[in-house]
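Chain nomenclature is as follows: A, B, C, D and E, assigned in order of appearance, with residue numbering initiated at 1 for each chain independently.
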Amino acid sequence: MWTWFHQLASPPTFYRFADVLAPWLFGFAVLLIGVGVYGGLFLAPADYQQGDAFRIIYIHVPAAALSLSIYTLMAVAGGIALIWRMKLAEVAVVSAAPVGASFTALALITGMLWGKPTWGAYWVWDARLTSELVLLFLYAGIIGLNQAYSDPRAGARACAWLALVGLINVPIVHFSVTWWNSLHQGASILSVEGIRNPKISGDMLWPLLVSLGGFYLFFGAVWLRRMQNEVLWRERNARWAQAMVVA
Amino acid sequence: MSAAAAVFRRELLLAARRPAEWAQPLVFYAIVALLFPLGIEAHDPALKVFAPAVVWVGALLAALLGVERIFRGDLDDGTLEQLLLADAPAPLLVAAKLAAHWLITALPLVVAAPVLGIALGLEPLAVKVLTLSLLLGTPTLMFTGGFAAALTVGAQRAGILLPILVLPLMTPAVIFGGGAVRAAAAGLPFDAPLYFLGALTALTVTLLPFAAAGALRNAIE
Amino acid sequence: MSAAAAVFRRELLLAARRPAEWAQPLVFYAIVALLFPLGIEAHDPALKVFAPAVVWVGALLAALLGVERIFRGDLDDGTLEQLLLADAPAPLLVAAKLAAHWLITALPLVVAAPVLGIALGLEPLAVKVLTLSLLLGTPTLMFTGGFAAALTVGAQRAGILLPILVLPLMTPAVIFGGGAVRAAAAGLPFDAPLYFLGALTALTVTLLPFAAAGALRNAIE
Amino acid sequence: MSLPSLQVRNLAVARGDRNVVEALDFSVAAGEILHIRGRNGAGKTSLLEVLCGLRQPAAGSLEGQPDAEHRHWLGHKNALNPTLSPDENLRFWCALGGHADVDVGPALLRVGLKAQRHRPCGSLSTGQRRRAALARLLALPRPWWFLDEPLAGLDHAGIELLAELLDAHGRSGGAALVTSHQPLPAAVAGVRSLELRA
Amino acid sequence: MSLPSLQVRNLAVARGDRNVVEALDFSVAAGEILHIRGRNGAGKTSLLEVLCGLRQPAAGSLEGQPDAEHRHWLGHKNALNPTLSPDENLRFWCALGGHADVDVGPALLRVGLKAQRHRPCGSLSTGQRRRAALARLLALPRPWWFLDEPLAGLDHAGIELLAELLDAHGRSGGAALVTSHQPLPAAVAGVRSLELRA
């Protein structure tokens, strides 16, 4: 197991491994998202309070959940990069950031669009919304920090530190609805309790879970592809990378 | 321990070489506080609503402006290499440096806060809470600022990056600090946000020096 | 003239090394605008009253924080000596450098101003005036900031001196700029403050490069 | 004093994405002065940084690496704060090393900075600043010296002074690793040479 | 080219509150290389800065001072932006000097930076950076060179390269003022020496 892990961490092996895995992830992602969105938009009944407006949930919740998961993954990769000085983990940190920022922005935008019909305003300064915005800024900071260094390894390790320190914001986003009274929906789906006895009807729930899975797979595929690009760029002077490009 | 004391004393010595140093955040602070009311009519009732925010944001900006240079000079002249090679835990030395900076640039702000609060029309209780919240909260500002400075000091083109890194990290302090003052001004209980602020400071002051030292080591490599 | 073009192009090249650079003032701006409302309750009507001030002070801070490093790197690596020895008037080179900086860091602010204005609840006319006032006023911010940066770059521990020098110089721009927007929002005539702003910019853009070049020459001696 | 020797085996040092030094083997014992040579970009500075602990090796093993209180590092940069005087800078370094009570006067006298002792370092000439940095080696005696181009900027008398210091250091059982493009003066005994080829 | 010679009469150079150089008289004519020597703190750097126009003299007169488009200044600092590559830095300097269309390749090849041509200068070694700075002298031919310790950081081959450059410069009618603690290589013809005593 350990040796396998070590081998995978070598750039050329990783590159080939990702080449095989990414198309599969991508294919399943498209399938799941397709099914989930179809189920959500056409099969699920309209909400008795919100009418059709609630259907944005099929984008909002996966995007929001990913925004948090990606940051957590980045922090984990960052920890590995700093402790074991593993090149691949550094690459993982910097290639995840723009994707995470996009999902965060998507969660914010869909949330705002949803807020207008339900709360009567695009934006309110409450803890969930504010901390999610702070998350976006943290992503932005990581992207900017990476670019500010001309030595990619030093830049990636600086990003790893920031990812670790910023991790404290993740529980704040997640638990903000319980810690402070908020306009925002409490955790009803993405929690242990929510999975044991769901608070929304099964017709609405299954497309959500399917599209959630699809989003995660989609992220996995994009992440692998971005890491491949980054690895190739960093190793552009190595023989294997040049052979790869020529081939 | 004596190494940390040496670092601490050196910062004070450097500040003493330039007596203006500790006075400057104050002046800056006063200017910021003055600039805001400039944007609106005098005696607008809105002024009072904004007072806690103005004072806290002023403190934040003052911390922000000074913190940039904390490690820059040491990196340029080679002192940083020596500090990281010294026979003392680097996080301790970083903490000593940041503590000295807090003493020089932030403590004057805390001391001056009552004057500013009264000038902005806060009640005595709110003024007290304001001062207390700054005393509890400015170390957090200083240490997060120090961490961000450590992250960016090795970057070739940091531009305006430091404030971008720092502001999200400092936001909680501003929320709790401003919240406590607002609560006090409105006659509501204000101890919860103060406790939060204290906990935040305890957390950042103990943990961030480790992250900052790691980032500095990264910068000299 | 071609020397000035070379300086201008070099700044753009440096900025192009980091495509995110132009976005940073925007992010910073958004954060500042976010921080202020944090201090008060949501939907407070005071928010609208403060909008022009928030936008203008945000622009000022973005200019202030970015300008600090304009000459620092050039002084450290010796480029500054070469620029002052070059076969071209130093004020022209300084102006080229500041103009490039304006393009990279301030123009995006101007372009983004309408979005911010609408978000803060300004009416269409006021939004237009806001954008125009920033277009007219940001060069002043940039050139005064550049002058102050030139003054302090030579001082060994200039510390926080820069903002203190700069804020009083920048205040008139904030007063006229914010004033024009407020007037527009209140349905009053707003052309007088805009003219003032234009005159101020014309003045600073033509005169300050000379002062800045002098200060730089002083810095390297 | 009797030191364990520094043993380098199969060492590789990486800068950016390539190894600048590879498969390096040598050892330095007490009383030895190792002169590290090599052309521009050969990796002398990078190697020295690895040996004294500023940088991680890319491969290979290092044994007997001295710890913080037994080594002096003198890099390209002098580690002098420009606002403080040589006297103040030196006293800070002694205090940081745990000897706050050292009298730095003799060290500064020895390196020829008597007149400049209380002037800010920012107003010293290049060579004077280098001399102030050398004073650190004298004020705080430590067995291991890592010196990166210590001769740079020194005048003839300065080089002779450094030669004396190195010689005395080696004779008293200390060890030094020195990079330099110029040959070390003949006055230094016990010099071995290591040539880096890239 | 035939240059008016640089005439220095009764020159004094002040640093802080005292004169570091006083009552100096000399002249440099086309084809001459002036080697300025003196111990650490003698005032070599300060003198050179005055001669090339970076600093005002405290007293005395200077005649025939070359103007901006006829001189090169190479100080302790290399004037290389660490983010830009040697190629980009060099092209900037040429454009600043009014020759935006110069091909900098041959100059970089000559100073031995072919492989480093497109790497950021911040990732070059000390000597490599010095070489990149020297390339400026080649890319933009100008009759007057003011070089402050150009040998610092250069390896043996680098010093020989500089000697060739200086020699060719003198032979083609240029003039150079060079400070250095090491003697200039014998290969350079037409060297006169000026010793500053303080």
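FYI, a contact is a pair of C-beta atoms (placed from the backbone, for glycine too) under 8 Å apart; a residue touches a chain by one contact, two chains touch by 3 or more.
The structure presented is a predicted model; accordingly, all values stated were derived computationally and were not measured.
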Shared touch partners for chain A + chain B come out as C, D, E
Sorted by label, the chains bordering both chain A and chain E are B, C, D
Hop count on the shortest chain-contact route linking chain B and chain D comes to 1
Greatest centre-to-centre gap (Cα means) from chain E is with chain A
The pair out of C-E and A-C sharing more C-beta contacts is C-E
In whole angstrom, the CA-centroid distance of chain D from chain E equals 29
Between the Cα centroids of chain A and chain C the separation in whole angstrom comes to 36
Taking each chain's centre as the mean of its CA atoms, chain B sits from chain E at a distance in Å of 46
So, in whole Å, the Cα centroid of chain A is separated from that of chain D by 49
Residues of chain A that touch two or more other chains sit at 130, 137, 140, 144, 148, 150-151
Multi-chain contacts in chain B, i.e. residues touching at least two other chains, fall at 14, 17-18, 73, 76, 156-159, 161, 164, 167-168, 171, 175, 221
In chain D, the residues touching two or more other chains are 16, 56, 76, 82-83
In their shared complex, chain C is touched by residues of chain E numbered 52-55, 67-69, 71, 73, 75-84, 88, 92-93, 95-98, 100
So, in the complex, the side of chain B touching chain C is made of residues 14, 17-18, 20-21, 24-25, 27-28, 31-32, 35-36, 38-40, 44-46, 49-50, 52-54, 56-57, 60-62, 64-66, 68-69, 73, 76, 105, 157-164, 167-168, 171, 174-175, 178, 182
In the complex, the residues of chain A that touch chain E are 150-151
Residue positions on chain E within touch of chain A in the complex are 82-83, 120, 122-123
In their shared complex, chain D is touched by residues of chain B numbered 2-3, 5-7, 9-10, 13-14, 17-18, 73-74, 76-79, 81-88, 220-221
